Each structure stands twice: as structure tokens, then as C-alpha cells.
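Labels for the chains are A, B and C, by order of writing; each one numbers its residues from 1.
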Amino acid sequence: MTTSSNSQKRQLGVLNSDVITLSHGSGGKAMRDLIEDVFVRAFDNEKLSHMEDQARIELSELQAKGDRLAFTTDSYVIFPTFFPGGDIGKLAVSGTVNDLAVSGAKPLYMTCSMILEEGFPVADLRKIVQSMKQTADRAGVAIVTGDTKVVEKGSADKVFINTAGIGVIDSRFNVSSSNAQPGDLVIVNGTLGDHGAAVIAARQDLAFETNVLSDCAPLNLLIADMFEACQDIHCLRDATRGGVATILNEFVRDSKVGIKLAEKAISIRPEVRGICEILGLDPLYLANEGKIVSIVPPAYAGKIIDVMRRHEEGASCSIIGEVVESASHMVTMETSFGGERVVDMLVGDQLPRIC
Amino acid sequence: MCLGIPGQIIEIIDEEKKIAKVDVSGVRRSINIACIVDEEHPCLSCVGDWVLIHVGFAMGRIDAEEAAKTMALLQELEEAQKEMEAMSRPPS
Amino acid sequence: MKYVDEFRDPEKAKSLFCEIEKISKGVREKLGRQIQLMEFCGGHTHAIFRFGIEQLLSKDIELVHGPGCPVCVLPMGRVDDCVALAERSDVIFTTFGDAMRVPGSKKNLLQCKAEGADIRMVYSPLDALELAKRYPEKEVIFFALGFETTMPSTALTVLQAEADGVTNFSLFCNHITTVPILESLLDSENLCIDGFIAPGHVSMVVGEGPFEHISSKYKKPIVISGFEPLDILQSIYMALAQLESGRAQMEDQYSRVVPKDGNAPGLNAMQRVFELRDYSDWRGLGTVDKSGVQVTNEFARFDAERKFPVANVKIEDPSECQCGDVLKGKIKPWQCKVFSSKCTPENPLGALMVSSEGACAAYYNFGNMNELQELRKSTEIADVTK
């Protein structure tokens, strides 16, 4: 961000353009207007308003909240930019908030770094930034510093966002993908594959019409309550790309155990199932943006489920399987038909199939 | 091979090109129904029909009567099985 | 989902498993060995693994997974031709998603796309035709593959292109037919298959006739089957009942979808647009006469092979590959020399590892648990010692 030693509130610049041009990335007045009018105005917080090259955070503030800093970064690229149930901005905040929260951390501050393609409509940018602000407010985090670059038409697809975030981990919590123990239960907070299916349906080239919405949401409040219900949650991750199946495979590999799922206990929306049947996809591997997989000691499962149900994002949570001993560290599933099959790591992307 | 999914025709979009909209578990899409239209089944009469969809084409009409027959056979088997089980269980 | 969920009912499955168990004992004794049934179609193979049918099935029966996955049997030379066509700057190459990862001799379509070729995945050939209308300055080539089930859709798309006066649309035709390959399997020596589960969706197009013909010619029970687990179990039961009573007939379990004479409009379109090729190459199975189709002269202007130079070079399958033996039921996937070592879904060597419907990939991914667990354990140990 441009520098200004004047810390008091001052008049913000005004952006007078309908589209982003290379001059908005040039470091001059146009860039300053863009940053002030679009970002600073929307994100509006004390730390950002100083407009220093960096946000400054008191160590004492962090120390009071726990004993470890959680620090994460993620880049967001999605087509289409706006999809049913969300947009790239909501995704960029939710994703980083969730990446922090699954460590047991309370997410506090975030960055917002954007790469814009020349010609991107300013109205769309404002919508995205507004959506980031709303999502950050909902999660109780502040976006305190950022950066903008503009690249020539064709050098990027509309808008890419990188967000980094920090949070503080309460000294009572110690969650890790290597903590799963035989007997533990596997809990997810709702239906699988909503985001993946919504995005597939939103892509014009497949021409599907559905009412399915992306589940994209910040889950830190839900997760905080889960940790209050059980300080000893063994494993916790958000099931984004690669779906729940991929996360479970990471758990069994890192914890040197097996996991046995019950297909019957896994809920999938009818439309998501419809899309999967038509394209021959497996919902266990579809992306989610508001789903977490937790592995918990069986004695706490009931209590955790109770607190999850009080949240909108956890209302349809369920126990989908259990951790078992397994020398081969495999995830298996008892099918609703009564058989058993392996749920393996995917080689690449799931591609739609006709056969 | 040959992924085929049952869906229901809910609307005729283009009678001349034989394009209809189908519903598969709440997902809707336009598909070609040329393979299930004939003199006996003119285009407009197909609304409500259940069809087998493959790569954007209705490749066949699903025969409800035949489906029921297959089901009935399986049902019979299930009941016979349950009776056998009941008989083999010691009287309580 | 109507016509889906009721055919996945586990309660009804239980009684079918029981009946199968009972009847298979007698048949096994009669044969003096395990009963071998082949499901021809990759869709059946996929369902068998997806629902975990194999472990629940009587151990008197062994399911042999057939060559009915059109993606798997695509020969390397044809993939190379796809790559060459796709790399032309004047071409938008369209394909079903399945074909993207099939290995050519140098690269697959996914790599080709990454290098800059304009390759687009479509759900339907009609979507490719729409692209041709949207980009009149480009040639849109549709990679037509699949068995008879898929042929009417591409034939009708060509007829639509003709009706709409579209001149920048063509097929790279790789459609193959079920009956000749089934006959070539049945003609091969040491084939150890007692009965067949036949592809229901191919039959929906071609009718019962071709399978009736095979059944009477080779004196084997053949049951045309649907794709839900109860369909498959019932078909297995019907095949066993034939073996028990010494019959060898074509029977149709999938009567809700398969008309006796097939689909007339579909067959008409196929006859207009396609004609038999003298021979076609199959990955893992060699060259089989009259086992594929090409575009007829009447529609030559929609044939990418005539519009553009296509090398059509035959590339031999890797010599270690034992796909043929797996397909004939001689060995199980995991008994192949290269299974899970040189041949994995990531780097498939043979046909059956290519698509998730191929028997080897299905075993690798969904697997017969006991064998898989043993295998994984031993490979892990091997890794440690490296």
C-alpha cells in the first residue's frame, strides 16, 4: 500500500473508471484511488487506515490469546468468479479463516492480495471486495494489509486473490493429522460436494440447471464451539479440493491407521447426486468450501454433535465412520448396498466420464 | 461403458429439432429426444415420460410395466427368503 | 431417484445373494471348478466395484471383467492421431472427459492441452456442434468414441450439422462394436468363460438379436443386464440357472430399457452415417476384423480423417503387458507382472489400467480388499528397503 505518515483519518481517493486498466497497477494516483476507494473504504479498520507498508500488531494482544501463532496462506482462482452461493471474495476469506481455525486457532488478521486482469469491471471488483468484507465481519477477522497488481489482458483470468492469515492457538488444543486412534469417530458437518456441484452447474459449457448452492462459509465460530466441547479433538481439516476422501486418506497416512466409512451415514443433496450420476463423478472427491472433517474420541462425539447442531453450518452434521487398526492404512467404505470398497487417493482431477 | 441415467422429460423446448428438457434428481438439462420420437409417440406426447439419458440424448424410453415386473420378481424372492428365515428360526 | 434407488435395495440383494449361493454350489460341482462369468461392459465392472458386490458374492463364482471400456481399448496410435489433430492451430478438439488421460506413445490429451492445444471437454457431441457454430473460423473436431450406445448420438449430431449447414464440424471416428470383439474372445484358445453378462445399454440400441446370435453360435448363456446392483445380481442368478439346467440362451434381465429390436431411429442414423471398417486395433487385444466403424462416403465432409492428414500408425502394446490374459480370465489383475509396479492409474501401461472402468484400475482403486491390503503392505515394505 502507498505510504502516508498521516495516521489520522483523511479524505479517501475516488476511483473514476468502469474497468481496471494497467494504470491502476502503476503505482501512481490511479492506483492510490483504486486502493483507497475500493479496498480501504470497504475493509475500513484502524490498522489498515494507517496505510503503512505493513500492518502492525501488538505482540501482547496475541500473547494474551494463546501460546502459538497459526500462520497460513492460500491463493484463489475460480471460474466462474461469481457462482451460486458465493464468489471468489467470499471463498478467499472463508478458505483462509478455515485453514486457521482447523488448527484450533482463533483467526484474527488477514491480508488481501489481488492480481487483476486488465479490463476487469470495477463494479465486479467492488462486489468481490464487499463480499470479502461481509465474510470477514461474519468470521470476526480484520483485513489489515494488501496489495494489488494489474496484468495485461490474457495474462490472468479476470482476478486471482491471495489471502494470508494469522491466528492464535489456545494452549489447551493440540490437533494434528497424525493423532487419529483406533476407535475414534469421524464427523462431518453436513452434505458433501455442494461447492463442487454448484461450480460445475454454473459453468455454461455443461448447461445444467440446478438450485444447488456452494457451501462456501467461514466455519471458525462452529469450530471454536467444537473445541470448547472437546479440547482433545484429534484431527481436523477442511475438505476443500479433493473432497472428504482426500482428507481421510491424509489422516490414515499420517496417523498410520485405517478408516471405515458408512455410506448410509453420508448425506448428499439430491441435485448433487444427480450431477454425479450424470457425469459419473464421486461426491466423496468433490470440493467443499464449508465442510470440515474431524476425528474425535468416541466419548466426546455426542457432545460435539450437540454443539455443531446449534450452528447453521453444522445443522446436518453426522458421524460418517470410525478409525480402525489397519496395517495398510486404507480408507474403506461399507456401501449402502452392504458391500465394502476402498476409497483411495485420487490420481488427478475427477474428469466427467461417459463410460 | 455407456453411462446411462434415468430422467423425466418435463418440457419440449424445440419440436422441430426434437429438443426437450429433462429432470434428473433436480438437475435439468436440454437433451435431444430424436431416438424416442416416432409415429406412435409424437414429440409433444413425450412430456412426463421417463427416458434413459446418454451423452445428451434420450436413448430409450423406460417401460414402467417391465420395471414393475422385474421388481415384483425381486420382491417375491425377498419374501420367500424372509419366510425361510422365519421357519429356520427356533420358535420362541 | 426413480428407477435407480429401488434397484439398490440391500434387503432384496440379500435374498439374491442367498439364491446365488445355493444354485452356484451345484453348478460348481457340475463343472468341477469355479464358475467363471464375464461381465463384458466396463459400466458393469464399475458398478461391481463401486457397490462392493464381489466380496459378497459366493466364492464359487469368479467374475471376469471384460473389454467393454471403449476408453481402455483405445490404441496408442489413435491417441497420437488425436494429439496431432488437436495441435493444429486451426482446430478446436472436443472430447468426452474419459479420453483425456489415455496415454499415447508420447503424451495424452491432458498434456497436449497444457502445452497450448485448444482441447475442450464436452458432455454431448451436440455441445461440440454448438462450438462449431460459435467459432466458424475454426474446425471443431469431435473425438467420437464408444460402443453402439454412443454411435446414434454422434450420427444424429452429424445429421444435425448437415441440416444446419455447418461445414466446420467433423468427427474423428473411433467407434467400436461389441459383437466382433466378443466373438474374437470366444474364438480364442483356452478361454475359460461359462457365461456372459451382456451390456444393457448397447442392447438398448442394437436389440437382443446380436446377443441371441452369439449365444446360439457359441452355446453360452448370455444375460442382457441393467447397471444397478440388483440388475447385475439378478443377471448372475439367471446365468447360473441356465448353467444349472444345461441351457445356453440369450435372456433379457433389462426389459425395462431394452426393446427386442433395439432403437429404430438410432439404428437408422447409424446406418446412414457409419459403415464397418475392414479392421480396428484394440489396445491389449490386437487387430480385430470389422470391429469398428468409419464415416460413409456420403458424409465424408464430416470426417476428420479425410479432411486432415492422419498418420494412423499402429504402435505395439508394451511387451510386459498382460491385459489379454486378464481379459480372457487366465490371470487376475494383481497376478499381472507389472500390476501396481510399472502399471498404475498414474502411469498406465496396459488398457485395463487406463480408465476407472478398466478391470485393473478398478482393482487398484476399489479393489478386492484382502489382495489389495497384502499388496499394499508388500509394496510399502519394498519402499522402505529402497
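Methods note: a contact is a pair of C-beta atoms (placed from the backbone, for glycine too) under 8 Å apart; a residue touches a chain by one contact, two chains touch by 3 or more.
From a predicted model like this one, the values you see are computed outputs, not experimental measurements.
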item	value
Highest-count interface - the chain pair sharing the most C-beta contacts	B-C
Central chain (distance from its CA mean to the mean of all protein CA atoms)	C
Rounded Å distance between chain A and chain C, as computed from the means of their C-alpha atoms	38
Between chain B and chain C, centroid-to-centroid distance (C-alpha), Å	23
Per-residue multi-chain contacts in chain B, two or more chains	1-3, 5, 24-25, 54-55
Shared interface positions of chain C, touching two or more other chains	1, 4, 14, 42-43, 69-70, 96, 123, 127, 146, 150, 357
Contacts with two or more other chains, residues of chain A listed in rising order	206-207, 270, 273-274, 277-278, 353-355
Partner chain C, residues of chain B touching it in the complex	1-6, 8, 17, 24-25, 31-32, 34-38, 50, 52, 54-57, 59-60, 62-64, 66-67, 69-71, 73-75, 77-78, 80-82
Complex contact set, residues of chain C against chain A	1, 4, 8, 10, 13-14, 42-43, 49-56, 69-71, 96-98, 100-101, 110, 120-123, 127, 146, 150, 229, 345-346, 355-357, 364-367, 369, 372-373, 376-377, 380
Interface residues, chain A side, partner chain B - complex	201, 206-212, 269-271, 273-275, 277-278, 280, 353-355
Residues of chain A that touch chain C when the two form their complex	205-207, 270, 273-274, 277-279, 326-330, 332, 334-342, 344, 347-348, 351-355
Sites on chain B touched by chain A in the complex	1-3, 5, 24-30, 53-55
